[in-house]
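Which chain is which? They are A, B and C, in the order written, and residues in each are numbered from 1.
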């Protein structure tokens, strides 16, 4: 069963779901299926019950901060009454999001992995996604881990607490803009970014 | 964000028949409990001796391995994978190397594949041997069985030291092969260890398999149904003890496992006793694989000659690679953005995911059996907490 | 019969107990500090710097290229490159490390520094008796503490050291062959004698 077949079956069975095949250019050839958050639960339930994907092996998050894509475009402009061609840099902001990937396998058909992806609206307020723990119990601890380290809130998770960090911890350490706390320890061989951190520590706290 | 708080005061139960008031007892097992296999903690609520609620608490050994790896080069993460499941570092190396090879499309030479299978199966032998030793130790047979298991494990660790230079932190695999070739006489020495291993298994089975106390402690305790096992993605010996026929060596046919004739032992009850016995049976199958691999190993290069050790930059893309590690399905999920560091590096830890069902297994059993159930799951905290 | 399994197990322990008096395989205990097992050749503990000849400052193979510093996963190596040059083992004028520190409290013995070194200058030691009463300075090894002779290297890893020497000799021969016969003054003898003219060794007095 290839991805296109799965996609068309899903589109036929889950009305209104928006699916997109994300092509993976690496030699592994593991192309994935992006599903919208609204229909993710229905899609997952269908995959589990009718498409045979009963083994949800791996659940993980990915942080995609907003980034700026700059492209050089040749634009014709009238400068001093003469039409000339100027290079103009067009900048487009790609909004950031948090992504959750579920690696699905089928035990009976021995196929997989099928990476199923969901994306949040943004990285600040709209970080809610439906929990797929009711579909695959194996997501229970792993969704807690994604909540803990990335800050994705899974609606419908039976017990959404921090998993690895302590309950009072504020931030989400796996986000790419996470700032390390200033808990610098004396290190005699500091260089590069460790040295930078050490100097920063010395300037704010003073010599240890 | 709301954080569900754990109830701090156990509820008062109905008054007992004699009018005395009873109350649930909440105890914290671990993180320094000797039988929690490291710094693992369980918040257990007891009604007398019976467990009515059990919540595992993780994170005491958390060091954010994934974040460290995202700030390292691809090669630089290899020694860190040794420290995940520190009992079987070679299979951790293997899973990571396999994921990178999938990501970059690297071929592994023949001899390196054989070396991987040999060291990987030796790892399985020593992991299972020490696991059954630990399990028996947890159930109170202090010392002797564990020391017998460790005696055998030492022989295998000696082999690892002679090959890789280190007993536990082997750092042996490289992308596209292995780091060093076998020194002179290593294969003969390994063959001797493997040939003598079944004698130890016989001895060990005589020692305790028929033991009435052991059977009383383990049979019918912590039963895991195959449906729950599949639903919770339980993998490895724990799933197979419940009768789930899922061995990634057979399913994915990664490396060269299709060349060896071995069977996948399955349990039928899914209790602690089955999980204990399945390890014996798996070790016997591993001995078969080892004998065949050491008979057939060809000469040749041990690493893809095109691979350079420095400046490795896979093309953008992603890959999920998994192997059957002694604990279960060990997977690595990598996303490359074309730089020297992985953009995203994820470990799928079998020890953590096998703990998903810990509460289900422990409800209603006596508190002393929690230790036996936890021991039979086979966890290593370096991998659970990462 | 109930108890049969227990008796069978006890027979096994008895066999092991009495067997330990006659069979060496069953008695595996080693009285550690007094009695030690023979060391396995491939064993490794922490890195050290190899030097040729008798003078550790002149014979040091390291040219301060800082590759190991960059590749070291836990970043436990600190190198400061020298300003001046001196002849290396092959006879070429090379930089040398003015400072070379390894913090072995951070080092995790992964030997990636050994693998990436193009000059065979850093190798793994086998010494594990390194306890000290100073957590910081005691575990920070400087260039002099790290420098060990090639003979020492041959003593701990004979097979590997022989292969390295052969490779280095081949490289030297190639370098000699490339050189026009009488154009340049002959390079200093690679490893045997101390290099004739003394080089300034600023910042090295430790």
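A few remarks follow.
We take it that a contact is a pair of C-beta atoms (placed from the backbone, for glycine too) under 8 Å apart; a residue touches a chain by one contact, two chains touch by 3 or more.
This one's a predicted model, so the numbers in the text were calculated from it and none came from an experiment.
Centroid distances from chain C, each centroid being the mean of CA atoms, peak for A.
Compared on C-beta pairs in contact, A-B and B-C come out with A-B as the pair having more.
Look at where the CA atoms of chain A average out and do the same for chain C: the two points lie 43 Å apart.
Distance between chain centres (mean CA atoms), chain A to chain B: 28 Å. Between chain B and chain C the centroid-to-centroid distance comes to 33 Å (mean Cα coordinates, whole Å).
Multi-chain contact residues of chain C, defined as those touching 2 or more other chains: none present. In chain B, no residue touches two or more other chains.
For chain B in complex with chain A, the residues that touch the partner chain are 1, 3-5, 58-59, 62, 64, 66-67, 102-105, 228, 230-235, 244, 246, 251, 314-322, 329, 331, 333, 335-336, 344, 346, 348, 352-353, 355-357, 385-386. Interface residues of chain C, counted against chain A in their complex, comprise 69, 75-78, 101-103, 106, 136-137, 140. Put simply, chain A touches chain B in their complex at residues 24-28, 30, 54-58, 60, 62, 101, 103, 107, 110, 113, 115, 136-138, 140-142, 149, 151, 153, 159-167, 173-174. Against chain C, in their complex, chain A makes its touches with residues 186-192, 194. Here chain B touches chain C in the complex through residues 72-73, 75-80, 82, 144, 148, 151, 154, 158, 161-166, 169, 171, 179-180, 183-184, 203, 206-215, 309-310, going by the rule given at the top.
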